[in-house]
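Note that the chains take the letters A, B and C in the order they are written out, and that residue 1 is the start of every chain.
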Amino acid sequence: MWRFTLKRLLNIILTLFFLSIFIFFLVRVTPGTPEMVILLNRGGEIGGEEVVDIKTELGHDTSLYNQYVNWSKRMIRFDFGVSYQSNLPVLDELLSRVSDTLILVILSLAISIILSVIISFYACIYKGTMREKWIGNISIFLSSLPNYLIGLLLVLFFSIHWKVTPVYGDGTWLHYILPVITASLPLCASFVQLFRQIITEVIKNLYFEAARAMGLKKRVLYTKFLFLPCIHSFLTVIASHFGSLWGTIIVIETIYAWPGLGSYIIHAVTARDYPVVIGFTLIMALFLMLIYFLIDLLLRYIDPRQTQKDGQIKW
Amino acid sequence: MVRRIACFFPIICLGFLVFTIIMGILFTPYDPYEVNTQEELTPPSSEHWFGTDHLGRDVLTRIVFGASYTLLFPAIVLLLSSLLGVVIGLISTIGRKVDLLTTAIMDSFSSIPSFLVAIIFAGLLGPGMVSTLFAILVSWWVHYARIVRNTSMIIRNQPFILSAQLSGTFGVKLIRKHIFPNALPIVRELIFLDMGTIILMISSLSFLGLGAQPPIPDWGGMILDGKSYIQIAPWVALIPSVFITIFVMLFYFMGRRVQ
Amino acid sequence: MDEAILDVDHLSIRLDDQLIVNNLSFHICRNEFFCLVGETGCGKTITSRAIMGLLERKMDVHGTILLDNDSNNLIELTEKEWRKIRGKKIGFIYQQPSLALHPMLTIGNQMLGILKNEKVIKRKEAREEVHQQLLEMNFSNPEVIASAYPWQLSGGMNQRIMIGMSLLRKPRLLIADEPTTGLDTINQQIVIRQLIKFQEKYKMSILLITHDLRLVNQIADTVAVMKNGEIIEVAPLSTIKNNPQQYYTKKLWNMMPDAWNIMMREESYAIRSK
């Protein structure tokens, strides 16, 4: 267990190192250097002297190696510099917006997990009936719907036609309804598809039939012999969708003008606000990797077989 | 018999749609780029089947002309990124140290979800189709590289590889002759399954204003244009998104068939 | 050998248009070791699943199965009624014990679950009972076994645990579906001896499904021979052995390694003496 933890933490550090090198050089290779962007934001003319001034100010006049060392030293202290647009520290800017987005992410994730687990177990219990077929078809349909279509349709009907919910912004609980539905509908549908496969696999296992042959109570049978073996695969699926959910959230935030991280990042990206983009990337990578790591630890705790599977691929 | 027809249904649909798109390009009376201020946001009629957008351009014509941007472009991007992924995945099977390096790189790329990578990349390179191409390329090759690497590892541990090694096949030749052909079918399946996802991703990027820039009649961009007029002219945004959905679903079903 | 504990009458099972089991009739008496013998794919396992009510819904089952003088036909029971019979009145042992045990729970945990299913019992007492049962299954170190996972143990051990588990609820009838297939000879003997021991102890009947004729020769009271979904002969072991009515039975019996060896030896002697 400790070895695994240490290995994964080392892996995270190594990954961040690679990522930082990649981003550092990408910013320098791409057309439009940081100095230009700053000058454009300040509204000054792009003259020779000002560029040199900013270069010394940013420390960009030394060698690339020195620049990287200095830059990465600051990155380790979570000092991502100041935003070109607002001249405020990047970390503060990001942190002030993160709560709005996190609420959206957690709400939609929780709703879609609960709903999809219930629906997929329901479908598996009624296997071979029309209900199961319809659940399958609807989930395929919903999971291939693009988020913006769902979002636009919801806005069209609920906000414009029926005037039930506000069109955009945030504040009251009414504002949460449409974004959360938009995010969780396709997510829930794809969960249902994958979960149903997982449950059918578990039902096929001999130990489930053996448990039935033992005459175990319904509650014990379904919780210990059906749900417990599913949890491992469920969590893996959820973890793999957790990352892409953030992409979905960005689209949703732009649709509903949600004042969260997503719309801020899109804004920063279009304005070429390099410190914000870099800070966001590194923090996001660290955050997601830590989440994956925690899920892996949890899986190990739940499923004792996992420790055995480690050495499967060998040289 | 019914099942057999159902099997070809997505392919037939796809063929029909591609055919109509080509016919549309040949026979449309309108220009997808020409601004017509007299016919702004007219609702669907016999003259303009899908109405016109805020600049008075025929939506149907723009959809027909935008098809190549929304369908052909993702296919090219997907092929390129799968090629990159396969090459890197195969390189990682050469040796232990190379494998460690490549897996570390793969990990660092897959630590951020691909759509975020695409957004960040498009942001760093500036919006446009070229940056979309690079963005998807950078974010999507990891999937292929990882799958190719894992399957080749499994193949590598199979007895026939040992017998090939015993009969004197090593290095690049071993990979080319024995590992690559066995890993190929999985990649082929994956390409079909991923096509819909890539279309969705690219259109989402355009919807965020990071993809193809106006006046290119890219469907995602059309949705972005129409979003502002959703209250008075919903067709401008809805029709392209419905088209995207149809194509994504067709590709999805085709992917399932191939599987 | 008086009362029948299980009475199968005109049992037919069909899947789509294919008749898998055709008009099967036999009865198992109290305290009897009943062997169902036949080649692979003749419908033995399907029959055993039908008796347990574990067949899939698409299988079409006809006939009557009566248990223990109860007037209920087992085939018509609902899942809820089944739950009272499975495990409690009929125990079941699988061919692949390592797959039939839950891989994520320890052995002790699974056995505790079965005990708790039966009655309200304190954790400590239940644990004591589990250890007792493991000791009876000839495990010298029940604590270690109870805290192990099935995938850490060997197939023979798992089979013994499986038997101990099904005996926790003291069923009247134990169905063993090829319990010794895949085990080595020594483990086979251990498992079989335990089956015999518990049959004596709990006065239960055992329905042994097997194709291993040495085993049948060793323990069976009554033997039923199945072929292509039909029972072609039911008789006490001695009759089957010495005076088979059917040609197939005779042929099958001659397939037994020892018998076959003796037969071949006699044949070669005969050739030599010429």
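Methods note: a contact is a pair of C-beta atoms (placed from the backbone, for glycine too) under 8 Å apart; a residue touches a chain by one contact, two chains touch by 3 or more.
Model, not experiment: these values are computed from the prediction.
Undergrad: From the centre of chain B, which chain's CA centre is farthest?
TA: Using the mean of the C-alpha atoms as each chain's centre, the farthest one from chain B is C.
Undergrad: Central chain, going by Cα centroids?
TA: The most central chain, going by mean C-alpha position, is A.
Undergrad: Rounded to a whole Å, what is the gap between the Cα centroids of chain A and chain C?
TA: 52
Undergrad: How many angstrom lie between the centres of chain B and chain C, each centre taken as the mean Cα position?
TA: 56
Undergrad: Distance from the CA centroid of chain A to that of chain B, rounded to the nearest Å?
TA: For chain A versus chain B, the centre distance works out to 21 Å.
Undergrad: For a test of understanding, state which residues of chain B touch chain A in their complex under the given definition.
TA: Residues 96, 99, 104-105, 107-108, 111-116, 119-127, 150, 153-154, 157, 196, 200, 203-204, 207-210, 223, 227, 230-231, 234, 237-238, 241-242, 244-245, 248-249, 252 of chain B touch chain A in their complex.
Undergrad: Would you tell me which residues of chain A are touching chain B in their complex?
TA: Of all residues in chain A, those touching chain B are 11, 14-16, 18-19, 22, 26-27, 30-32, 140-141, 144-149, 152-153, 155-156, 160, 243-244, 246-248, 250-251, 254-255, 265-266, 268-270, 272, 274, 277, 280-281, 284-285, 288-289, 292, 313-315.
Undergrad: Where on chain A does chain C make contact in their complex?
TA: On the chain A side, the touching residues are 128, 205-207, 209-218, 220, 224-225, 228-229, 302-305, 308.
Undergrad: Considering only the defined contacts, which chain C positions touch chain A in the complex?
TA: Spelled out, the residues of chain C in touch with chain A are 52, 54, 57-58, 82-88, 92, 94, 96, 99-105, 113-114, 117, 149, 151, 165-166, 169.
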